[in-house]
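What follows is a pair of complexes built around chain A, which joins chain B in one and chain C in the other.
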Partner chain A sequence: MNPYLLIVLLTSLGLGTALTLSSTHWLLAWLGLEVGTLAILPLMAQRHHPRATEAATKYFIVQATAAATLLFAAFNNAWLQGHSDIQHMSHPLFTSMITLALLLKLGLAPMHTWMPQVIQGVSLNTGLIVSTWQKIAPFILLLQIKQIHPPLLTIIGLASILIGGWGGLNQTQLRKILAYSSIAHLGWILLILQHSTALATYALLIYIFMTSATFITLKKCKATTINMLTTTWTKAPTITLVAPLMLLSLGGLPPLSGFAPKWFILQELTQLNFIPHASIAAMAALLSLSYYLRLSYSITLSLSPNNLPECLQWRVNYPISTPLSSALPAALALTLFLLPLTPSALTLII
Partner chain B sequence: MSYLVCVLLFGLMVGSVGVASNPSPYFAAMGLVMVSGVGCGVLICFGGSFLPLVFFLIYLGGMMVEFAFSAALSAEPYPYGWGNRSVKMYVAAYVLGVGCAWKVLLGKWSGFWGGILDESGELLVLRGDMMGVAAMHDVGGWILVLGGLGLLLTLFVVLELVRGVSRGGLRTV
Partner chain C sequence: MPSLHIILTTSFIITLVILISPVFTSILYKSLNPIWHTHHIKTAVKMAFFTSLLPLFLHVHTGTELTITNLHWMNIMTFDINTSIKLDHLSITFVPIALYVTWAILEFASWYMKSDPNINQFFKFLLIFLIAMVTLVTANNMFQLFIGWEGVGIMSFLLIGWWWARADANTAALQAVLYNRVGDVGLIFALGWMATNLNSWEMQQMFITAKSLDMNAPVIGLILAATGKSAQFGLHPWLPSAMEGPTPVSALLHSSTMVVAGIFLLVRLMPLMQDNPFALTTCLILGALTTLFTTICALTQNDIKKIIAFSTSSQLGLMMVTIGLNQPYLAFLHICTHAFFKAMLFLCSRVIIHALKNEQDIRKMGGLHYLIPTTTSCLTIGSLALMGTPFLAGFFSKDAIIEALNNSYLNAWALALTLLATSLTAAYSLRMIFFVYMNFPRFPALSPINENIKSITNPLKRLAWGTILAGLLMTCAVLPPKPPMLSMPPYIKLTALVITILGLTIALELALFTNKQRPYMPKQYFYFSTMLGYYPTIMHRFFPYTFLKLSQTIASMTIDQTSLEKTGPKTITSLNLSLATTTSNIQKGMNKTFLSLFFTTLMIIILLNYY
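Take a look at the complex of A and B:
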């Protein structure tokens, strides 16, 4: 892509999210969301093959529908209330409508069906941006809306965790697996949103680190299906060593960082006496864990049949360098070693 | 006066249905012309002087120009008009929707309230709509800059998405 256009698009991506994060009026928040949506479209359709074009079209239609619903509900609320402040919305119908629009933007069940298809259709780097950066702005808007109907958030959160778990079980394409993993993690975040915004923010932050590490690792291995993961040990033995830990962190096992958000969310839910919610969420996390384990099995725990020349790729091509390679050590360190530092990490957010 | 508003609003509905029922852009452009004309009339009946002209400008100079470009770039040998079956289904659906809304809301919205742009009922120099636009440029100047940046980004995005010598509907574009 033309480098000037690439700089304009990436800057506009940042500008859109910054606009939404710094706004108190719904019109400016909507403007930021729309700028972010528009800026990523050429990045998605970069390769111009039909699947990428279809993914860009689906993404645009979904995000535009959500933005239009958001604008409609925000202006109706402003008409009834007299002001367009994000933090002081009071009408219950339009608060729910805005919440549903933001959840459609985030890709939560039952409005999740676009997510696997869009992330499958784009390249791994663009999928990384869609999975991590584009979640920040709607999430911050969700944080600021008070008095959302509690059953709405609980039901959608639990449904997302379950659908993220069950949906990823039958997949062999890695980008679809990561899309369902994103749905499940955002379900956990939504579950705790009404009770503790600090924990929700912490969960989103850890999710962003884990997902970034996973996408960059897959890009380095040039792997898009589970079968392609089996040759990782020939390309980068270090990644073969570390990748299961990264995937188990996504699954939420101690002593890795992914355990901390799940642990605190379950603790908060139990303290507030939401025992069924905590039980369902904890058991549904096992579904996600099963497909992370399947990926670890392919990468590290088994040796697929191979011919001799291919077994020695690491002698010729080492180290594999992609543009995001320099971010991988940081992302991996944050994915694996953050659990003992959780008290100080949480003080940054509370 | 209220009868004129009713006639103009009926024309607005007809034109909007004609555009929204998804015919080929050649025909939808005519719907847009109709909507812009009667919409301008509706706003004039409610007392505006500047805003109806802006309405005309946006519909004819903005939306219809986009339809003209779409028609030029996606040449069709057999364009769908309003006689086409799928377009007629959409027309029927929208007319049904308007009918339902009329049934539900008839009696709840009564009376002719000309107070949007014409609160005092007398002839003024500084009308509400013009003062609103002036305030938007004065107090809201930076947001207009952001809106302009957003539109410039939209232009770049669209140009990048439709770029391609052999991938468009007409080969030389």
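Take a look at the complex of A and C:
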């Protein structure tokens, strides 16, 4: 893509999120969200093959619906309450509507069906942006809304974790797997949103690091299906070594950093006496873990019968070191080794 | 005599040391001397026998009995277990007899097993068996008795399976161990009961404290133990199968010493049982049933060793009947006299089998009377003693038992069975004698018939002297503790003799039928006897099959398949599989899916909000 165009689009993307983050009025928040949506659409439809176009279209429809509902509910609330402050919403109906709109934007169950299709349709880099950057703005808005009806968040959160687990089990396309994994992680965040904003933020941060590391690794291996993952050991042996750890961190296993958010969320839920929620969430995490294990098994733990020439892969485009790929070590380090630093990390957020 | 007890103690300890020393010397230096066995073990047993005669004479002369307690072995709180040796009439009399019989058998075995490369090990096994038997007999507490009990059981297993490459021998050894184990359950139960209720395993304390308690439970355990070890009906099939072992094993273990261990246990613990009419009746009926059943089985056996095995079993039943009559002294007397003639019968049978090149079927023997006169004479003496011919060894015990049986007010059915068994004893003994060495030879012409070897004739002669004199010596030496009935009508007095002669003549008459042609008699009449009463056929198949099937049902089907597979992991797998398929099938790439879901959820929230 033309570098000027790229700069404009990426700047608008950042601008959109920044606008949302710094707003107190619903109109500005909606504005930021729309800017972000519009900015990413050309990025998604970069390659003009039908799949990318379809993904861009679907994304636009989803985000537009959500933004429209958001605006409608915000203005109704302003009419009833007299002000448009994000942090002082009190009308329960419109609070729920806004929450639902934001959850549609995030791609949580039961409105999740667009996520796998969109992320599958776009390239890995854009998928990374959709999965990570685009989640920040709606999340911040969700944080600021008080008095959300608690069962709403709990049911949707648990449903997301379960659907994220079950959906990913039947997939071979890696981007769809990562889409379901993001649904599951956002479900975890949603569970704790009402009770501890610090933990929710921390969970989102760790999720962003882990997902970035995964997407960059996949980009490096040029792998989009599980079968293509199996030849990683010829292309980048170091990645073959580290990839299982990264995937298991996504799955939430100690002593990797992905364990910390799950651990604290479960602890918080238990302390608040939400035992069934904690149990279901913990059990459903096993479902996601099974497909992460499947991936790590294909990368590292199995070797298909091959002959000597296969050990040297034909590399047509030698991967040029892009800015994104230089972020891989940082992302990996944060994915794997952050667990001992959790107390200090939490104090940063609180 | 002032220091009587010291002499008794010391001589008995010396006997034990002489017996145990070859075991230790064999551990200490491995000698490749091929005749080590003869020099060490047989000599040791001989010396031990002569040494043990000293306690015997002292006891007979003065009536001394003593108990040696030397080692406080262990204690569990207030429960002490010592090693103590009780030298009373029973053990002082039994040990020399056992040593005498073992000496004869070892001398015989040194000829018989001469070509076996592991002969030293064989003799060592026999010696260890003997030590275990002596431990059992001289035990003053139940723990030591149990050690001896288990010891003889294990040695029996090792010795029956001596020729372990033969599948039948292994099966027989296993059978012996299993049946003995079932009896051991009774013994262990009795041990436990005594430990908890009588607070001691020392016999003296047990006899005193048991006077006031209801002793039904432990004596049933003891009777079960005796049933297992002494092959009473119900746990009897191992004894005929144990004939797979070498003949010295059969002669020593399964005729004289090991199988009488069960009866000996009951004799030793008689004070516990003598006030318990239930136990006495059980012994009586069990013994009568055993003796008749095994005698019927012995009538149609064609293997000479099996005939003698069944005869042993039937004599054991007779001993059990005696215990049921509350006459332990007579039972013990029969144990001692039976040892002599039964061992001799086994040794004679082995000489005959060897002479005919390992032919064990009596239908293929005959006419041996002129060819191996010593052996056949000893066979005759032994059989006559078995039948209870007046003034041979068997007479003093057997006739006394039958007299006591006739004069008691106990079960008439047991009496009838025992008398019938006595006459049938005469019948099968005559059958054996008739087929083995009367009439004309039925074996092939070139048979290595030779009995001119000292190692054969000397033991046989010694045992024959024992058979003739032992009963007399024992009855003259010691007064019976219970006064026998001395006055009875002549027909009662002569019952045993008349019955025996009746059985003998009928059997002789039937045997002479073989010289004449007679109408064909269908074989069904014999099936019960030849199939050993169908007992092994039913029991050896039915119970193992039932238990194995039950265990398979429980372990494999209930636990494994149901709990661990179907209700657990497999259900979860199928459930999750269907849910995963459903979830991924929602993705059809249609916009209306998420839009409609969003709309529906919105409506639900709105509606819920207003309620």
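The criterion applied here is as follows: the second predicted complex is superposed on the first by the 338 of 350 C-alpha atoms of A that agree within 3 Å, B and C clash if a C-alpha of one lies under 4 Å from a C-alpha of the other, contacts with A are read in each partner's own complex, and residues count from 1 in each chain.
Note that a residue touches a chain if its C-beta (ideal position, glycine included) is under 8 Å from a C-beta of that chain, and two chains touch if they have at least 3 such contacts.
As the structure is a computational prediction, the values presented were derived from the model and not from experiment.
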In the overlaid three-chain picture, which partner chain does A:Leu19 touch, first (chain B) or second (chain C), both, or neither? first
Taking the superposition as given, does A:Thr69 touch the first partner, chain B, the second, chain C, both, or neither? second
Using the touch definition from the top, say if A:Val8 reaches chain B (first), chain C (second), both or neither. first
Looking at A:Ile61 after the superposition, I want to know if it touches chain B, chain C, both of them or none. Which is it: first, second, both, neither? second
Thinking of the overlay built on chain A, is A:Leu241 touched by chain B (first), by chain C (second), by both, or by neither? neither
Taking the superposition as given, does A:Pro110 touch the first partner, chain B, the second, chain C, both, or neither? second
On the A-aligned overlay, A:Ala39 touches which partner chain: chain B = first, chain C = second, or both, or neither? first
More residues of chain A in touch with chain C or with chain B? C
Once the structures are superposed on A, label A:Gln171 by its partner contacts, choosing first (chain B), second (chain C), both or neither. second
Chain B residues within the chain A interface of the complex: 143, 146-147, 149-150, 153-154, 156-157, 160-161, 164, 167
For the complex, which residues does chain C have touching chain A? 576-577, 579-584, 586-587, 589, 591, 593-595, 597-598, 601-602, 605-606, 609-610
Residues of chain A touching chain C in the complex: 54, 58, 61-62, 65, 69, 92-93, 96-97, 100, 104, 110-114, 116-117, 149, 152, 163, 166-167, 169-171, 287
Touching residues on chain A, where the partner in the complex is chain B: 1-2, 5, 8-9, 12, 15, 19, 27-28, 31, 34-35, 38-39, 41-42, 45, 48, 56
